[in-house]
Every structure is written in structure tokens, then in C-alpha cells.
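Look for chain A in each of the two complexes below; its partner is chain B in the first and chain C in the second.
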Partner chain A sequence: MALQRKWILILFAAPTVLFYLFFFISPLLNTVYNSLFDWNGLSDKTFIFIDNYINLFQDEIFIRSLKNTFYWVFLVLFVQIPFGFFLAYFLYLKVKGFKFLRTVFFIPVVTSTVAVALVFSFIYEPNFGIINAFLREIGLGHLTTAWLSDELTAMTAVSVPFVWQNIGLMMVIIYAGLQSIPDEIIEAGEIDGVGFFQKIIHIVIPMIKNVLIVCLVLGVTYAFKLFDYVLLLTNGGPIHRTEVTGTYMYIKGFQELNYGYGNSIAVTMTIIVLFLSVIINKGLKSKG
Partner chain B sequence: MGNKKKIWLMMAFIFILAIATACSSAESGQTEGDQGNEANEDAITLNVLTSLVGEQPLSAVYEPGFETFNAEHDDINLNINTAAGNSIREKLLAEMAANNPPDVFFHWGTRRTENYIESDKIADLTELIEEDGLADQYVEDAFNPVEYQGGTYGLPISSYMYYFMVNKQLFEEHGVEIPSTYDELVTAVEQFKEAGLIPMAANNHSARYMMLTWLSQKKTIDSIIPNTTGEEPFGDALLEASEKAAELQQLGAFPDGKETLSTSQSLELFNTGVSPMFYQHSWTIGAINPDIVDQLEVVPFPLGDGESKNTAISGAGFFVYMSQQAYDDPEKREAAWELMKYLASPELGKQVIEKASDFSPLDVDYDVSEANEILRQAIEIRDRADNIVPSLDEALFSQGVQDNYWTLTDELSLQEMTPEEYVEAMNELVEEHPSKQFE
Partner chain C sequence: MKVEAPVTERQTNIPAHVKKTRKKERNLNIFKYIFLWGYALITVGLFIWVTLTAFKDNTQIFTNPFGLPESYSFSNFAEAWTGANMSQFFVNSLIVSVISVSLCLFLGATLSFVIARFRFRGNGLLYALFVLGLAIPLQSLILPIFFRMDNIGLRDSLLGLILVYTALNLPKTVFLLVGFMKGIPSELEEAAIIDGCGYWKIFSKVIVPISKPGLATAGILVFIAAWNEYVFATVLISSDAARTLPLGLASFQTSYASAYGLIAAGVVISVIPVLIVYILLQEQIIKGMTAGSVKG
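Right, the complex of A and B next:
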């Protein structure tokens, strides 16, 4: 009877397992395999072992795109998650109209990336755009610039929509974590006379540490995975100033028909994200 | 068998049946783009990939064109797949790589199809073209961009020209003379700059087109080909042209951040009277503000110096192709060829001029009163030119050079490299990826 039951369970699980193997594991292995070839996606493959990886780490544009991607990671760590935390904490205090505000803060997350990129392209437009028009109106015309082209501002300008759109997501995750903190602990702290910042640093953050780890892993993953804003706003240009690993992989694979090289970028990105995720998990959990 | 066991087995059976049903219905479902002749079960189905949809000016001709063809051919069933604008590149690549190419598709010349031709994914149409005597219906050199190592791989459907347009009213208002030489252009730029206008409504493409035009004013098609095959390095002509482009950038002739402006955004500067000059690809003619057409004039592009010839950059730019897979199936080949001949017919070529306001590679008569005024002027300028050269952007360069030289030209434009370094880098790039089109 137990044996038959086992087979029935296997039968039910099989479609999902097969689906997962076929659509998730097999493409991953296929990507690793293809990265070992010189292949344009059309002709015969030529096995070159790790040459793509050797070339990749000598490729100045890839190094630049990696630096730009790490800049996104930096913004996730020091802007997106802190902002998400303070918005979540603001809602957690149950201020008047917090339900309405919760919806407002979350709207960017469900807004189409294309729509957000379009709005920001109008905001940044150097000749008619809102930012430059505003600066001219208030007499700061000397500060106007081509936000998406200027070497000093281009990368930050393409990062802002990405950071802004995902703050709401971080807020919702952290908010869920805050709600799980028992009221007694907070009250006990208040009775002991802790101040606002002491409460956050010594009570709230340690209590939601696991939630923050989830936010960090998600943020780092998104930073490496997302490239649609770059593609829509600047296409990685001008002269690779806003190139990130995602766009570079796309350009190499789908525009320059260098599939093997594109796959090696994908594998490298996966390894970096996995490595960072492990570091975040191990590093932060061990301090608990 | 216990009741519990029966229920488990029944549930498992229903589950598998549900999956099987879902899969089979997905396979037999008709795709959205089917323009079917369902009544005729023997009809040949052709998978067609088109980018000429939506806001594309040529869609006004080719969307109804497919419908007409379908209505007139009971024996052919068109399954239309779309990828608007430049996204057709990625869609076609994915389908080619998956060995599931469309039977008939639109694309640019060999600059974008060289890899497909070398991988035997696109059919050589030389014999079919000769059998039907199609070459006679096109203007001279229309097939050049789809000729590759002796074969002809596509039928031209639209042509292009880079046209220089000025807003006469703004020139008169600010007392500026319409430039006919580079020096006069520099003077005009300085005067408009002083008046607070952005002299050229440009993005990075326009700036590159200007440089290519000054280069071409000192070249002919025969003298420029050796530069693309690596037989002769680019020399003084490119150096002088790139110096001019760099100087205009320094003078502030272009809008801030032109590198990230789309062509439509740069045209908006011209349409709204912020800029008095515009140099662009002819596909933009259909997007010019009709309210200001009376104020506009198409004039020859300013000559670089005393040795420059009045040159129009023009040629065939967009083509219809047949996949090798379709060609290998005699029935599909016949149906696909029928469709291609219709898409590249004088009937639609006439509509390209009259309805889409673009150049046609077909030697057709058109109703002048139907044609856009700007297009009419541009055609006149081309016909009066002493020298007609295809654009290095649209033809001649290999795919490898094409993939890299835009960024290189942006570096020149952003003063990240000097004109001398630019010429050197271009020669290195061509040496690395020489054109094999003419071998």
C-alpha cells in the first residue's frame, strides 16, 4: 500500500519536476555548455574551452559594465533598502491614511517598465525636459546638462527609475517583517526608555534581520538581472557609459551574433550573483 | 480495489487528460496573425515576418498590401508575424537560430543579413529574378545592397536618401543665408547660436550622416568600395570629414545630449521651430509637421570644400527575402515568390512614394499631386546631384564594422578621440572585418 502511494505521489509530482528540469535546469546547463564555443547561433560550433572567459576578463567594456552593475548594487544597498525600510516603518506606525499611502508607495512596482522609462526620458530630455526647465526657471541654468549623456550623470540617471520603482517592493517585504515583531518587545523597550534610533537599531533591525537578508538577495539579483531601463533610455550608450552586464550580454548575443560570448557573460553573472547571495546569507546569519 | 485508490487513480487520469488537452489545443490553435483562406484546405501556408506595422510610414502600404494579396490568392494562406521597427532583428535571429525561419521576411541589406547568407539561411534569388526579368523594373544599382559574392538575395522594396532641409522663415527672420558650403554652414551655426536657437535638429545619426556626406563628396561608389574591403585605408577624405563633424560639435551646432536622442525627438526640435536645419534619412519625411511645410525647403547639402562634388547619399535600403527552407520546398517557393513579386511590384512602389512619402527603388511613374511636397523636393535634389553614392551606413560595410562603428563615431563626437585617432580606429576595424560582399 505504502509503495503504491509512493508511485501515485511520484506521478503527481512528475509533471512539475519535468517542467522544472526542462524549462529551468536544462537552459542553465545549455548556457554553460554554449559558453565553451565560438558560435554565432547559426553556423557550426567551434569548441574553444574557456577562451570566451579569458577574453571576457580582458574586455574593457565588460569590466566597465561590471563596475556599472556594482554601482546598481551599491544603490540597492544604500538607497533602495534604507528608503524601503523607512517607508515601511512609517506605515508600521499606522499614521493617518497609511492604507492609502501603502497603495501609493506600491504603485511604481506594478507600473510597466516601458511606461516608467518613457516618463523618465521626458524628465531627462536635455532641451525640453522637466529637470532642465525647472533649473532654468529657478535661475540655476548653469546646472543643466544632458543627464543621460554626461559622463558624470549618465549612470545615476539611468539608475534612478530602477531604484525608485523597486523601493515599493522592498517596503512591502520589510513591512510584512515589521508586522511580525511582537508588540510586547517594542513596548518593553519603550518602558526601558529607548530613543527612536536606539529602538530601530537595537530592536527593530535585529528582529527583521532575515527579512532584510531576503531584501538584499532580491536587490542584488535584480541589479544584475534588470537591464530594460538601460535598453530603453540609452541602449548602453553613449560610448558604453551606461552599459551594464545585462545589456552587454544582450548586445553580444542578439545584436552582434556572438552567442558563445554572450553565454559566457550570462554564466559569469550567475556565478557572481550566487557568490554574493551566499556571502550575504552566511555573513549576516553568522552575526546573529 | 479500495475506493480511496480508485479516487487517486481517477484524479491522476483527469490530471494527465487535462494536460494533454491543453497541449493539443495549443498546438492546433490558430495564431493571431493568420490571414487565412481557411475554406481552401489545400492552400499553402506562408509564414511572413514584417516590421512594417503601426507607426512605420511604410505600414500604410504594406499592411493593406498583405490583405489585398490574401484576398486575391485562394491558394495561399498568409500567417503574418510582426516585430515593429528594429525589433525585427532580434526576432529574426531567434527564429533563424532555432532553425524555424519565416518563409518570407523584410530586412535591410547584407549589412544585416551577411551571417544568414553565409550560413545558407537565405535563398539566392538570382535565377528567379532572371527568369521573370525583374531587374528591368528597378532603378540602376537597386540590387547592390543585396548582392553578395555574385548572388542576389532579396528584392528591393524601399529606398532612402539623406536630405538637408531648412526652415526658410527662421533663416529670413534672423538674417542668415542658407549655406551651400561648409564655411557658410559654420557661419550659419554661429549666427543661430547667438540668436539662442539650436542650429541643427540632430541626434547622433544625423551627425554621422553629415560626416559620411562630406566623405562621399570626394568619393564615387567605385573609389569607396576598396575602403570597405580593406584594400585601401581611409585617408584624408575621412580625416577632413571627421574634422568637420568634430568642429561642428565644438561650435555647439547640435542639441545637448544628441547621442541619446531618438530620431523622432530630434525631428521634434525642427517641427517646433527650435532648430532651423535638419539632416536625416528620408523615412522621416512622413513625420514632418504638415503645418510648417510651406516654411521649409530641401536644399543640397553644403559642399565640404572646393574639391567636393554635389553629392546625394541615396540607394535601396529595405528588402524582402525568402528563407532557404522555403526555397527548398517547390510549392512554398512558388507561393513565396508570388508574394515577394507582389510586395516588390511597381503597384506598391508607386504607393511607397504617394502614401508613405518615401523613395522607391522601382522605376515607376507617380502622381506628383499625391506626393509629399518635401519628398518631391528631395527627389529633385537627388536627380540634380552630380554624384550619387550609397550610404556606408546602409550598405557596403560588413556586418562586423556595422556593429561597432556607430560607437566609434560617438567617441569622435564626444571628443573622446581625435579625428586622426578616429581614422586610425576605422582602418583597424575594417581590417578586422573587411567586406566580403564583392569577392
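Right, the complex of A and C next:
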């Protein structure tokens, strides 16, 4: 009977496990393995051990792409999460039209990145785009520019859709966290007459610290994986100004056929994300 | 938020600092509404602007970017749907999304059943192997997955895309389903065992029907992810016939570079199905996307 049970369970689990090993785990291990070779994807591989990684950290464009990606992490921390927090907090304080507002705030999250990118390509369009049209309207025509190809504005322009699209996701996660705060704690604060910001800093944020950590880990992962916007809006240009690690991996692997090098970028990205996730979880949670 | 019984200003025994707090509260309330409704207005405004643009021709778009269109002709929509082949992309996306969801739920449910309902050595490890997939940026798998699909001859095919989407969405599916199935009381299963049901019957007649809400949540999330996915599709698919909606839409940027009305129509067409799914099943989607984040 016990033996029979074992085989039945294996029969249940095997298709999924084999499928996952073949299409997920094995590619994951392949990335690590292939990052140790000089290979264009077609001809013979040459084992070069960690040379790809050594070159990577002397590659100015890679360093810039890494800086740009960390700029996104910074934006998640100081713009996306705070914005999501205030949306959630104000909704939590009870407002008229709660359902409508929450529905609207979350719409960008379920919209495809391609649609969002195209909408933003309209917003930035030099001739009829909202920004330039608005600037002309209020007599600031001299400030108009081609936002996505101007060296000074391109990185900011390409970051806005990235930050905007997932504010709604941060909002719903934080809102769920706020709902778990016991009423007595909020009420106690009210009786003591603490001010708005004091209440947020000393009562609310400590209570939802773990939820904020989840948001941060999610945001870090997103900064490293969502490079659709760059691919669609600027393709890394002008002159690598908007390159992020994802697009650089893509260019190295598929356009320059430097497959081994591309894989070393992928591995570096994954290690950074896992490392930051562990640090954020361990570092912040232990204090509480 | 609880507010004390209303106190009129005439009462003289209100201390000054309380009055000040009241005023602050009123200001906060005004700010709250401006912040929330202002942000909502911007979001809705963007969608309306794109929709209006879809009804305009280029002359109108350039001379009157914010105004209402002169007439509501659906020519841009018709041109996008038939001329630019969106109907084909739409069907491709539907095929890929629906089959990915089915496959993902089947593979996810059978494994989750084993992980959630049975105790054996290596159970935790098996679960960890799948949840690991949640922690890594999936897009970093793009190079090896391209080669894997190329090797087995499934690059540039809808089937290949389905298999990739299924694999990429398994971690999330298993995570949600294991969580759900662990909450099912074991008496139900025991009753089924006493009735002499085999394992397959317990799974299909007891566990799956009870897990329907969990399956629905996972299914919707996988559907939205597959419907919207762009990066893997653009790498794997090269022929026009196998393009999905996001790919087709992105290709408008180059092949219809200055046909802004047409691009806007394409955006509207691609967003509408997901918007309908979202508005109908909002609660489940939000619950699914926040699952596990609060217990932390």
C-alpha cells in the first residue's frame, strides 16, 4: 500500500517537475554555465572561466546600465512606494468613491507594457504630444524638446512609465497591510492628538514594515526585469544613455551575438536581485 | 476613522490646540480628495485621450491634439483590425493565453495536490524549487530559453510560446495553489478514502472542485501575464503569422510610424479585453496579486 502510494504521488508530480526542470531550471543553470565561455551561439565554445565577468566590470556601458538600473531602484524606493503609500493611506482614511478610485489606480497594472509604452511615446511626441503641446500653450515653447532622444531628458522620460505603471500594485499591497492594523492602535494615536506625519512615521509605518519590505523586494526585482519600456521607447539610446542591464544583455546576446557575455550579464542581474532581496529581508526585519 | 460627536464652535470650552487640530483635519481632508481624485483624473484622462486620438486623422491630431474628434468614424479601428492584421494577432494571443492558462493550471494543480496534501521526504525542497522561481528576474532566462526552443524546433511557433509562458508562470501558480489547498480540511479527503476513492478521484472530485476560487485566481493572473507579455515573444517569434497582440502592436511603431490614429486604435483594441476581465474579476485579481505579501 505504502509503495503504491509513493508511485501514485510520483505519477502526479512527475509531469510538472520534469516540465519545470526542462523549461525553467535547466535554462537557469545553462545561463551560469554558458557565462563561462566565449561563444557566439553558433561556432565552438572556448572556456574562459570568469573572463566575461572581469570584462563586464571594466565595460563602461555595462557600468552605466547598472547605474541606470539602480536609478530605477532608487525611484521605486523614493517615488513609487511613497506614492503608492499615500494613495493607499488616503483610501484607508475612507473617501467617497473608494471603489471607483481603487479600480482606476490599479488599471495601469493590468495594462500591457507595450500599450503603456506606446501611450507614453504619444505623450512625449515632439509635435502633438501632451507635454510639448502644453508647454506651447502656456507660452513656454522654448522648453519643448524631443524628450526621448534628448540626452538630458531621455532617462527620466523612459523612467516615468516604469514608475507609473506599478504604483497601483504598491498601493493594493500597502492597503492590504493597512487593513491588518488593529483599530485600537490608530485610535490610541488619535486620543494622544499626534499630528498627521507623526502618526504615519511613528504608528503606521512601523505597523506595516513587513509589507513595505515586500514592496521593496518586488520593486528591486521589477527594476531588473522590466526593460520593455527601454526596448520600446529608446532602445537604450541616445548613445547608451538609457541602457539598463536588461537591454544590454539583450543587445549583447541577440544583436552582437556575444552570447557568453550576455549570459554573464544575466547571471550578474540575478545575483544582485537575490542578494538585495536577502539583505532587505534580513537587514530590515531583524530590527523589528 | 472615528470622529467624536460634533462640537459646535460656539462652545467656549474647546482648548486652542484642539481647534487647531480640527482645522488641520479639514485641510487634510481637502488635500486627500485633491490628491486621490487628481491622480485618478490623470489616469482616466490618459485613456480617454488615447481613445479620442483613435478617432482622429493626422491633421486633426496635429492641429487639435486635446479636443474632441470632428466625427466618430471607426476607420482607424477597421484599418488596424483588418489592414494591419490585428484580428490575426488577437486570435493568436487568445490561443496562447487560454492554452497557457489551462496547461499551467493542470500542471500546477497536480503538483500542488502532492505538495499540499501529503507528507513525504523532500516535500519542502520540492516546494522551494518552485518558489525559487518567484525570486529571480525571469527575463534573465531569455538567452538560454531562446536556444532551448531553437534546439527543439519550437522557436517562432505559438506552441513554443505556450510552453515558455507555462513554465514562467508555474512558480506563481504553485505558490497560490499550495497556499489554497493547504487550507482545505482533511476530513473531506478522509471521507473520500473511506468511500474507496482512488487518488485521482480524490484529486478530481474533491480537491479540484473545492479549489475553484484558488484556480480561478491563478488562472486570471496567468491569463493577464500571457496576454500582456512582450519581451519573450519578441525574441521567440519572428514570422508575422505567429505574432501575438503586444508584438503586433509594437510593430506598428515601425510599420505605421506616422499613422498615430491607427496606433491609438491598436492600443485601445489590445487593452479592452484585459480591462473587461479586470473590471469583472477585480477582487480576485487584487487578492491574487497581494497574496502572501501581508503575512510576510
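Please note the rule applied: the second predicted complex is superposed on the first by the 264 of 288 C-alpha atoms of A that agree within 3 Å, B and C clash if a C-alpha of one lies under 4 Å from a C-alpha of the other, contacts with A are read in each partner's own complex, and residues count from 1 in each chain.
Note that in this section a contact is a pair of C-beta atoms (placed from the backbone, for glycine too) under 8 Å apart; a residue touches a chain by one contact, two chains touch by 3 or more.
None of the values given here were measured: they were computed from a predicted structure.
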Partner chain in contact with A:206 - chain B first, chain C second, else both or neither: neither
Contacts of A:15 with chain B and chain C, given as first, second, both or neither: both
A:41 touches, of chain B and chain C: first, second, both or neither? both
Which superposed partner A:257 touches (first chain B, second chain C, both, neither): first
First, second, both or neither for A:141, with chain B first and chain C second: neither
Partner contacting more residues of chain A (chain B vs chain C): C
Chain B versus chain C as contact partner of A:224, first or second or both or neither: second
Touching partner for A:24 - first (chain B), second (chain C), both, neither: second
Touching partner for A:93 - first (chain B), second (chain C), both, neither: second
Which of chain B and chain C A:149 touches, first, second, both or neither: first
Chain B and chain C footprints on chain A, overlapping residues: 8, 12, 15, 41, 125, 127, 254, 259
Residues of chain A touching chain B in the complex: 4, 8, 11-12, 15, 40-43, 125-127, 144-150, 233-234, 237-240, 254-257, 259
Parts of chain B lying in touch with chain A, wherever the complex brings them together: 5, 8-9, 12, 15, 19, 89-90, 93-94, 96-97, 115-116, 118-119, 121, 198, 204, 255-261, 265, 269, 274, 399, 403, 407, 410-411, 414, 416
Of all residues in chain C, those that touch chain A in their complex: 1-2, 17-18, 21, 24, 28, 32-33, 35-37, 39-40, 43-44, 46-47, 49-50, 53, 61-62, 65-66, 107-108, 110-111, 113-115, 118, 120, 126, 129-130, 133, 135-148, 163-164, 166-168, 170-171, 174, 199, 203, 224, 227-228, 230-231, 234-235, 245-246, 249-250, 252-253, 260, 263-264, 266-267, 270-271, 274-275, 277-279, 282, 285-286, 289-290, 293-294, 296
Of all residues in chain A, those that touch chain C in their complex: 5-6, 8-9, 12-13, 15-17, 19-20, 22-28, 30-31, 34, 41, 86-87, 90-91, 93-95, 97, 100-101, 103-115, 117-119, 121-123, 125, 127-130, 133, 169, 172-173, 176-177, 180, 186-187, 190, 193, 195-196, 210-211, 213-215, 218, 221, 224-228, 231-232, 246, 249-250, 253-254, 259, 262-263, 266-267, 269-270, 273-274, 277
